[in-house]
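Right, one structure below, let's go through it.
Note that the chains are named A, B and C in the order they appear, and that numbering of residues resets to 1 at the start of each chain.
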């Protein structure tokens, strides 16, 4: 079965129960949809235990000693791959980094055969990034009982570890999700980061979620339930407690109505010190990285005390250590 | 001395004694030629000790702690490289993965200078894949006494760890090599897998070895002594206990007489459920991977109980752990 | 801030104090300029402790256990990257190898944002190679107090670990730097190897330093103070104790006056057995690698007893282990 056949079975993509074992524990991490508030809170709590004070050595355990993790990135990535790589190594696992573009796929092997091969080599956890929707769930349906799949970025659909690190970062800086107004700004239509953040925030009972973008980059109606869709940045920022700027691909800017170039994009949708005056006085600024400084975010704002962007990165390793530990405990106890 | 000069010294390629130390132990693994039946049996026995029951954690030792392995793949590879990488890590070795295409060779350094450099960094074992015949033996002739060379795929000549994992897989499923009829099907002419399997099977005293291919892909006369060369699949499969399908490169199909396309290739040389009715009722199906499903093998057959393809992969890690351990003990005791 | 803006702040490039902490210990290694003779001697002494007798296992410690090293090579490299990789692993560190060409830079992230991201993942030491001058010092100015930067090759400016391994190799074979005549031959103009060797040798009080090259490849006047600039190989080799051949890029040969091809370059500037008769009888031959055999050095000379080229490689790992240990102790004690 080839991965192109996936699109004939769209039901796979909706599936969210797959990731929870019979006794309610995390078996795979495919999406934030279907994870309960209690479950998310437990993951965030466990991630806190993997954080150390600034300047202190990284936290290490032996929880995954003897386990093997394969990082399968079918799209290029530095930060997410490095984050999973370090998370695995700091838990004592053997980590296999595979650049699948340049070998098996050249030879025409299907994703599932690559997975079967590595599973037969006793890989325990697969970290998968792929440009096609449905791939992580498709793999999860086909692996053995003791194998876990972690979604490290799936098309424009989902990026659940990013969503969790965003929630952790907000929780560290703000008290209650119920009281929060969160504004996500930029290329919402193509953003798996926005979708996973929205799913997590909705479960956590966020006060108000605003998605701000040019009309051409707005999500389809009903795509992100419960969110307010806005087209003017000022409307979106007014009183916001959390402002998350999204990366925009430069090529896309040219195709936007009334936005002929980078300067116009920044003027209309760039998050700047000036624009942040509309937000709450103690609002925090987030960005999933890598940043286009001067396009979606003012460079000096990214480095200012309002910015929690490097906290997000630090939290990312902790979230991944928590998830790796959780799925290993689930398969061990089964 | 440049690697192109190798072809002026064809005697190097024939050499098989190089890999056995004075006291009869394995120093390098270059080819299965010249390895005795007793020696091969010992390797297979040792590999068995590195297998764990399905679902159990991978077997680990500290036998190579403090040792350094360099994986030098001059041809792209996912499965063999991952297999050697995991074998090394599970023995406690430091593993260096080098993509030599993109650095030294760009700068024009010879293979031997790359080896000398890494040897001076105290690399103990080199795992080498190269598209030129004679490279592993050439390197083995030139390294220091405490350094071992493992051939991980040499042109169309040899792939000895693949041959060993194939033997181990057959031994696990069938009792005596003397009673076995083994049919290898496909692009025999260009296959290092077929050559190493044939060498190993001949040493083990296989009952009958059949090589089945279109005429254009048959081996040269005398190339694989003792084997029956056949051109019709039905003749080859009749009563076979083991059927090994080989990968064929799609480009090659077009050049075959009377085989204009993939469908005709599958109809004439594809291993299918239907075709397997000719073989022994308990025949096993093997494939070295990566598979072209629907070309050399019917997709559902590859996933059926008759298939031992994933066993081959699991055995591959065990064989490589056994070989890495064996050569380390040889140089330690010398 | 983008790396291209570096060139507007040339003062950064001159900075050499940055690498020494307030109490005189090594914090970063950016350049050999400004390192005292006592400091260099201490590093060489410490490196000696990481050498083992030929054929013995590599020396290992746990000095960097729990530390994370990121190898950031923005230029391709096999030998220097492998050397740092092994040095880190043999000290027990977690090593992250990043090929930054193919991911973040494709997405347009600045070097500094890549560093900030990895720093937030608790990377402790960055090993950086870059084709632009000033990058290592620029990064060193911007990292947190507990983070160290090691220059692994900076444009044509500096390659300090190479300079140190060259000094260690000379010290092992010759008694006093004060009595030595050192001849460096080849493409001096473009060589970071020659610059770092010259800086180190000058600090160590070398007797005489000669730089020999075709006129087009000579350094700018005053670029390398204290060295004799020569254009004839015979003048440079006469009585020399140490002869270091530099790698020349083949493309450059065609542009040299009176040197139409490789044969002429070898005849005029190639180091050969014949030419070495002019040097001291016990002179040693060095080369930083990778070698163009038959161009800047006679192939058989590179493999002769006079050559210490593989010693340089072995010393390279030891120097890098010493530097990694030194900077870790500095940030721990601060």
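To be clear about the criterion, contacts are C-beta pairs under 8 Å (C-beta built on N, C-alpha and C of every residue); 3 or more make two chains touch, one makes a residue touch a chain.
This is a predicted model, so every value here is computed, not measured.
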Leaving out chain A, the still-touching groups: one piece
Interface composition of copies chain A and chain C: same or different, split at half: different
Distance from chain C to chain A - Cα centre to Cα centre, in angstrom: 40
Multi-chain contact sites of chain B, meaning residues that touch two or more partners: none
Contact set on chain B toward chain A in their complex: 52, 54-55, 57-58, 60, 76-79, 81-83, 85-86, 89-90, 250, 289-293, 299, 310-311, 313-314, 316-317
Chain A residues within the chain B interface of the complex: 1, 66-68, 70, 94, 96, 98, 100, 102-104, 106-110, 113-114, 116-122, 124, 144-146
